[in-house]
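Note that the chains are named A, B and C in the order they appear, and that numbering of residues resets to 1 at the start of each chain.
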Amino acid sequence: MWVLRGLRKGILTTGYPGKGLAPDEVPRSSFPPTPSADADWAKGGGLCPTGAIQGERVDAGRCVYCRRCKDAGFRFEGPAPGPMASERAALARRVLGRSLHVLVLDVGSCNGCNMEVLNLANPYYDFNRLGIFFTNTPKHADVLLAVGALNKAMVETLKRTYESMPEPKFVVAAGACAMSGGVFKDTDGFASPLGDAVPVDVEIPGCPPTPLQLLDGLLLIGGRRRAP
Amino acid sequence: MIRRFVERGPARAEGPVQPSASFSAGGRHLSILTDTDRGRTILCEAQPEERPWQRAPPGSPLELEHGGQVGGYGTFSFQYGPVAYGVQEAGAFKLATYGERVVKAVPIVNYKKRGIEGRVAGMKPEDALLLLERSAGHFSASYSTCFCTAVEDALGLDVPSRVLWDRAVAVELERIYNHVHVFAREAEAASQNVAASQANALGERVLRLNAKYFGHRYLFGFGGVGTSSADLGTQGRRRELLAGARAVAGEFAGLMDGLLSSRIFLDRLQGTARLSKEDATRLGAVGPAARGSGVEADDRHVYPAEPYHDIFVSLETEREGDSLARLTVRAREVQSSAMVLQELLDRMPPSGGVGSRGDGGEDFAICRTEGPSGDLIMALGLDGQGRLAFLHVRPSSAANWIPFAISLEGSVFTDFQFAYESFGLSFADSDG
Amino acid sequence: MSPDALLFVLLAYLSAALLACFSRRLGYALGAAASAAAASLSLYVLLGGGGTELPLQVGVELSLNRFDAYFLLVSSLVWLGTCVYSMDYDDDYPAALSPLFLLTILSMTVILVAGDAVSFLMAWETMTIASFFMILQGRGRREDVRRAAFLFLAFGEASTVLIMVSFAAMYASLGSFQFLGAGVGRVVGAYAPIAFLAALLGFGLKMGLVPFHVSEWLPIAHSNAPSNASAVLSSTLTLMGVYGFMNVMSRLAPYQLWWGWLALSIGGVSALLGASFASTSEHFKGLPAYSTIENNGLILVALGVYLLAARYQLSLMADVALVAAMYHAFSHAVSKASLFSVMGWLSKVRRSFDLNAAARGTAPGPMRATAMAAVLSLAAAPPFAGFVSEWMVLEVLFQSFKFPDVASQLIGTVVGALVALATGIVTVAMTKAYGFGVLLSGKGEGSPALRGSGWYFLSLVTGLGVAAPLVFFLAADAASGVLGGQVFGTFVTGLLGVPAYFVILSGRPFGGFSPTFTAIFMLGMLAVPLAVARVGGAWRPRRVAGWFAGAARPSDEGEMYNSFGYSSPFRIMLRLLFRTRESVLRAGAARATGEYFVDVRIVDVFRRFYDISAKWALALSRETGRYVMPGRMGRYLAYIMLAMMFVLAYILLVAG
């Protein structure tokens, strides 16, 4: 019966990354602030709550997409900021082939990132078709996908988890919180950006990054996509 | 969204009141008491009634209510988390057992205690809002609504009705996607994979509606003190949103019929993690967890402020108090939220104009909002410059930890996930 | 072959027992040597060296035919290891233990070589009484030990009486007591069912079968009997039951259908109950003792299939079933003795029989390896012997559809399900025994004798699986002398490139399986990647800390999964069987406050039966005591012995 119900729904899954995106698939929560011609950088820097606007540059790792800076002449339009990867990540293909086992580790997130990570499994994104799977133990994981602002209480756990993973291993820091602490960077519980605790291979900006951005970031490992 | 309910109560409250939160502000110990019967929230000065989620240092067990050792041949306890599939968050449980059966469960909290309350003290409300709506990302509309309303109240600001209605729309959308998400997780735990992915797909559709009409999949940033940036200006857009939401609710009803007639699924839920009405009342459970046990607690009913004061919200309760009851409540609330959305969107007041008037600014306010997992309370004070003097948050998860732990006693391990998800608990929510 | 060899073995055991009165180490050493001699002798007979007879002047005769030799081979291989093990195990038990131990072995040898019913019974009685005294040497509360030993004796006597009934029925039909040696015709008519039933009950008592097993498991499991005694009792004393039962079976004709049904049912229920209680036992020796019930149940199931198949003239099936029984008896005896030796050693050094107690003692490496092989074999994991025999038992049960009548089909199928279930459940028991008993105890140094016995048992358990075709050959050959016409070649063959004799066929057309080649294949699967990894340089072992869901390693034992918890799912799932009662007491009035005290109990049907029969037996003894001898157990025993001897002598004279 459930099979029938399933079939009746037709195909929802995005053609991405093979095909381009249909307009309603464009991720919405993270349009990056784009300076217009008359953007006032100094004013933007004053408005920005996370210090993402520095000089004449927007630091994607800090931006939480609050759209405050629109008063300083920044517009919000696509494309979503792409992930950033270290050199090493692209080399993973030789050792990992086309399958990735991902351990999701919450080191202090607000659950927004967790929700988006879980959404990778929904039929719209269906990450299993790309050979990506969740695993529950670091001993089976190729990739540590960390979300949230690294909390002081989680530093030990993070390191322990990283240690327990077999080589070769890769770390993905997803979301502004993991990359820089986001809005929490000055709270008491915040320890450090993820990269200060373990070597990070891929960074995915966003607050939270949409499932497509996460997918993009994961595909960078093994060089299945190029960094933009 | 709920205003004008604070009564300065006597130091010793009369009648059946339930302590909901206590905190210190300006060197005074204050307690928030709830009198559900008469729809009152009472603030009184009292001895600090210790609430464990306030004090527990990071990574420590939340043992206040039901401390004590577990003994007997063959018993042992072990920690589940903070990296555990069933929890999916930086949180853990200490489970005492003799194998298979949970004798006692103790939530281990504050693995992600960020210290938001401390951080926002001295901040401008609009800056604090950024942190608060990221306190628990999946409850962000409730947080921002609760916080903004409290600030407006404290400032004595006149807020356009339209803003209040926008917020209510956001809160109802948030309720729908969270309830749907709970179902997806439960179906997944019961290996009902088709149902799980269909529920997930419905959840995704709501997230896309959120993004389209509120600018963010998780409704971050649409609200502000006295303002809302929701894009519901035209009748046409409101109709579209309503059509989208109703379609989701309709399909969800179909999915529900299938799921709730599946023996496999029901078996996992029926009788699982039963919370009696007495325990729910005594321990102060909130939200669907309380309503599943027959407690008629819903802020939209008890403190009906604009726009809920003239919109019909059906109060969904169940008697059994098990996971199935909590889930049934959620399922019906998806439908009732869709109906509420219909009224909200059909009768949405024009922008501009003034809705509720503020109290006249006492620099202090308490606000309660019914989030997806229940009653969220914020108490805040402002200083002379309009900055936050203090903020106290009593999230719904904090109220539900102990009821959850108690209900889990006597369950078997495989029930854990069914119980946990049905309460809609979140460590991010309680760890603030 | 000259009877001297047999006489030599018997005398060697006797002198070992005598020597042990002065030096236990020497006694055990001589016992080991005698066992080696016995093993060689029986192998010689089995390989075609001809039977050997030892006529004694008093009208009894001792003879070693192939059937006897098979069981002697099994037993003496076990004794050899156990004697070596005892040299260092038995250093703080009362001095009487070692002579009694060797006397028990001697009497078992005599049972196997007894040519007539009378000498069989005399040896049987000696065995019972020697084991009784051996159990009396156990540790624990004096009263408990006595009670257990007494019960063992009471049921031992019941067993003897039933066996005597069986033999009497056979005598009435055959007119001779010489029916244990070479064939002397078959018991027919109304005597046959009596002989069968009495033998099933009498020997069943010794095999520890449900519902009459208490005589075996109780002292072994609960009275803290010395572990070397436990090993010998659990593996070879129950083997004597199998031997005796098969011997009687071989003299009966034609088989009746209900015999097979009865054997199947008793066997199936025993297997399931034994496995279930093994999996929930928290006792170092109770667990293997319950598993003995399971295994003897399996043997009886195989014999039940044999009875039916022989009756229906399904000759291939009968052959497979019979050999399965004999092979399983072999594999169980060896694996169980191995397991008992390790568990016994560990409970001794840990000073606790509780699997949940904090681990303190260690066992030497070879013993740990032995335990691993033994639990794998008992859990029926390939390529070990236990797997081969359980495979065969299940295969013949799956062929119940070949039985021509519905009742047999039905019983065969139901018992098949019981056995399959038991096989699954016992896996839990075995992983538990190894995990919480052996693994947590850690590795330590050991004396040469302990290490030696470890190596010895290890090679025996592994060798038995690999060399399965050889054992089949011996077993089929041995059985053919007694139970008639089996030909080894009917169920072993070559297939798919596996050479002749290396594939067992369980039916035609049905399953086939080659233990030897499975072993080789599995070894290859393990060795080849390892070798490739080592040679290819991919061998880079890395040690990481254990994973505790992201938390730090728990610091105290109360935070680790324990043995009780490991089997609690069974207590909860099979609550109907165990009649589990779980209660959680909370101190303090409010439900949510105060201390928690947990009490989980299961109703042990075995224990229940024991309690009832103990009451019954004690009442009986009080009654007899009042008339016969006031109070003292020693005299009561002497009385029983005398009475027995008297009866036997009388029979001897009349029949002689």
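Keep in mind that, in the parts below, contacts are C-beta pairs under 8 Å (C-beta built on N, C-alpha and C of every residue); 3 or more make two chains touch, one makes a residue touch a chain.
Owing to the predicted nature of the structure, the values given are computational and were not obtained by experimental measurement.
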item: Chain contact topology (line, ring, star, complete or other); value: complete
item: A-C against B-C, pair bridged by the larger set of C-beta contacts; value: B-C
item: Mean-CA-position distance for chain B and chain A (Å); value: 26
item: Geometric centre distance via CA averages, chain C-chain B, whole Å; value: 62
item: Residues within chain B bordering two or more other chains; value: 82-84
item: For chain A, residues that touch 2 or more chains besides their own; value: 105, 138, 157, 161
item: Sites on chain C at which at least two other chains make contact; value: 550-551
item: Complex contacts: residues of chain A adjacent to chain C; value: 105, 137-139, 156-157, 160-161, 163-164, 166-167
item: Chain C - residues contacting chain B, complex; value: 282, 356, 548-551, 554, 557-562, 564-569, 571-572, 582, 584, 586-588, 591-600
item: Chain C contact footprint on chain B (complex, rising order); value: 65-84, 92, 96-101, 103-104, 279, 283, 402, 406, 409-410, 412
item: Residue ranges of chain C touching chain A (in the complex, touch as defined); value: 542, 544-545, 547, 550-552
item: Footprint of chain B on chain A - complex, ascending; value: 1-3, 5-6, 9, 12, 24, 27-29, 49, 64-67, 103-116, 118-119, 121-124, 136, 138, 148-149, 151-154, 157, 161, 182-184, 186-190, 207-208, 210
